[in-house]
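Consider the two complexes below, in which subunit A is the common component and subunit B and subunit C are the respective partners.
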Partner chain A sequence: MKDRTLLALWLVAVVAIGFVHDPAWLAALLALALGLMLVLQGGVAWSMAARALAAVALVNVTVSAAYAIWAWTAGESWTTFVLRLNLRVFLLALLALWLTRNIDLVRAVDRWPSIRFLVVIVLGQIRALGRMLAEHRMALVSRSPTRPSLKVRFASAASQVSVALEKTEGRAEALNQGMRARGFFDDRA
Partner chain B sequence: MIELERVSYRYPDGESAIEEVSFSLSPGERVVLLGGNGCGKSTLLKLVDALVVPDSGEIRYCGEVITPRRLRDREWSRRFRGEVGMVFQDPDAMLFNASVAEEIAYGPARLGMPEPLRQAQRWACRFGLERYLDTPPYRLSGGEKQRLCLACVLACGPRLLLLDEPTANLDPRATGWLIDFLRDQPALTTLVSTQNLSLAGEMGERALILDERGKLLFDGPLGEALGCTELLWQANLAHSHRHRHDDGTEHRHVHVHRNWE
Partner chain C sequence: MHIPDGMIAPQAFIVAGLIAVPFWVHAVRRVARDLDERLIPRMAVLTALAFVLSTVMVPLPGGTSAHLTGVGLLVLAFGLWPAFLAFSLVLALQAALLGAGGITALPVNALAMGLVGGAVVSGAHRLAGRKKSFWSVLVPVWLGVVVAAVLLALVLGLQPWLASDAAGQPLFFPFGPRVTLPVIVLPHLAIGVAEGMLSWFVVSALEARRMPA
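Moving on, here comes the complex of A and B:
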């Protein structure tokens, strides 16, 4: 019950945040969310905020810089848009992270078997890929007598992505075949 | 060479992986790490390679305790990573360069060895990979990737070699080749993890056996370990199933397949 309520609250919050366009209001909501997390979870809230920031930083900086350059060449103002984008994306990422840490997603959707199947499959894939990427990182450390250069780290990251894509595809195909073999898709025939 | 003293490690989710494990490896020793699925063999190898930090206990390399601080010391870390090499169970985890030659040359180049590409050629020839020097590693077969990983690590001239289930991706011929290769390296200390008892006897003289909770059940001569069915049963390394005979009678007993023929 608790998981389902929190999931519903999160969904409402996500939709509501989509309707807030004023950066000042978004900043206030962000402060409120961080304040609540600090009260409920203590110091962990800061590490969650840092993780959320790290997760969105690259995309946000790229999009913000691109928009700022375009606005500057077009002679338009860019500050409101960039502030709105960054605050909204950061707030959504923070809430998503908080949600995944605090609820059992499978239990939250157990009333809807089809969604539950999907969630279980996705969580299984995430776990397997997470393990694989951790293994790649360790292998790079193990093979590097000196700190790997940026170029080497990029090459390793590119290889990780390519292996991850290949394995995800292979796993998805195997999963599909496994489900087919167990008659999963025959229910609606 | 390396000593573990009451080392324990928990996974990030709090589950215990390794519990109070103590052992040491002397130069030139060939040790086989045995245990069933999920008993912590890979984690133990990663602890020895200082890729994960123990929650309690100490790991010493050549008498010096391995700590995160010591690993941040560039000179020490460089020496350690050069002298201790690990081949992961999944070869894809280790390969990221654009060609086989660059892949093998990566370690020697970082160690400042002379002519790393020439060395790479030499190692590729030794491992039957000379045809693939310009090929991207991802195009190789599973067995070729495994050989490439081994070449990459050995090209750095390690003193201690950690192999995580090295025969998992190899066909019988490549497995035979690996066994011969390891036998021909008397100066190399090896710690090989496997759950394949029929190959264990070919890969070392001493056995470390982990139980399913990650505790060290046995540390001693491999022959003695392989001869003790009860011990192997405890470590999930023996199996039991029903046998039906021609006269219609059935019985169940524990099996261990020790010989590779």
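Moving on, here comes the complex of A and C:
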């Protein structure tokens, strides 16, 4: 229930923030969000804020600087736009990080069994496939005393992808047989 | 390539959502019809595959690299509709699990990269006679990447026209298509070649092991 409410609240908040354009209101919402996180999570809120800032910094600084230079050369005001863009994007990134830290996605979708099964299997398979690809990358690093050439990096990336594609076929069939053996499809019939 | 939250106006993401829903419904029906009870395990593994493909780096000259989108490969290996569904699920998971990309921008990203980009790959590959030769893999994948980049650049470029305040200042992304098209599309001309070459490497490797792709 808690996770479903969190997911719903996040979705509503993300859409609603798109309709707020006054920088003062956006700053107030950001202060409110940070205040709530400080109360609920303690000092972790600051590290979340730093991570959110780092995540949006490159795109926001580039767009803001480009717009400020353009507006300055055109003799137009730029402060309202830059404040609005940065406050909104930072607030959205902060809310997204807060959600990812606090939500259990499987519990959030437990009202819909098909989606829950899908999410459970996807998360497990992401871990399994991700670990396999990480091992491939580490193997390349361990057998390369110097930086690998473009050709070698290409071959390594191609090998990672083809192994992942091959495994996909087998895993889908194995999962299907496992679910059938445990009566998953009978329960749903 | 995909657009993050906060850069596009509600008018754009709500309309994109309304356009995307019937395509998602159609994709679920098509995939369910073809896969029947195998739908859930098959889609789950495909989604996981699409997720990990996005973590594979495509090497670029000069020691740099870019993330693989994987849409072209997924379309070549599994067809348009499963690829579109898996890619859409990946965007949702990236937003909800990693805080990456954006949930409001999801319909725009899914339509541009998953549906239109995927359809271009599928159509061009069909025109090339579904061959597994270098050019008949590279050109469709390259076209898919470039067309998706053009679409995303146009959507971003439309934002100042869609939403600005009384003083004429933009409410969301501030630059028009004259800026977004070259800034987004030009790098993707090279990224598309790299992704197309990588796709051909993979298709050739799978062909050599006699796995259909």
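Keep this in mind: the second predicted complex is superposed on the first by the 109 of 189 C-alpha atoms of A that agree within 3 Å, B and C clash if a C-alpha of one lies under 4 Å from a C-alpha of the other, contacts with A are read in each partner's own complex, and residues count from 1 in each chain.
The rule is short, and it goes like this: a residue touches a chain if its C-beta (ideal position, glycine included) is under 8 Å from a C-beta of that chain, and two chains touch if they have at least 3 such contacts.
The structure displayed is predicted, hence computed values, not measured ones.
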Regarding the shared-chain residue A:Gly35, is it in contact with subunit B (first), subunit C (second), both, or neither?
-> neither
Of subunit C and subunit B, partner touching more subunit A residues | C
A:Leu140 contacts which: subunit B (first), subunit C (second), both, neither?
-> first
Scan A:Leu99 for contacts with subunit B and subunit C and give back first, second, both or neither.
-> second
In the superposed arrangement, does A:Ala158 touch subunit B (first), subunit C (second), both or neither?
-> both
State which residues of subunit A lie in both footprints, the one left by subunit B and the one left by subunit C.
-> 147, 155, 158-160, 162
Which subunit B residues qualify as touching subunit A in the complex?
-> 46, 49, 51-52, 74, 77-79, 81-82, 85-86, 88, 90, 92-98, 106-107, 110-111, 138, 152-153, 156
Touching residues (chain side subunit A, partner subunit B) in the complex | 132, 135-136, 138-147, 152, 155-156, 158-160, 162-163
Subunit A-touching residues of subunit C, taken from the complex the two chains share | 4-7, 9-10, 13, 37-38, 40-49, 51-53, 55-59, 61, 63, 65, 68, 70, 73, 77, 89, 93, 95-99, 102-104, 165, 167, 169-175, 197-198, 201-202, 205-206, 209, 211, 213
Residue set of subunit A touching subunit C in the complex reads 7, 10-11, 14-15, 17-19, 21, 52, 55-56, 59, 63, 66-67, 76-78, 80-81, 84-85, 88-89, 92-93, 96-97, 99-100, 103, 105, 114, 117-118, 121-122, 124-126, 128-130, 133, 147, 150, 153-155, 157-162, 164-166, 168-169, 171-172, 175-176, 179-180, 185
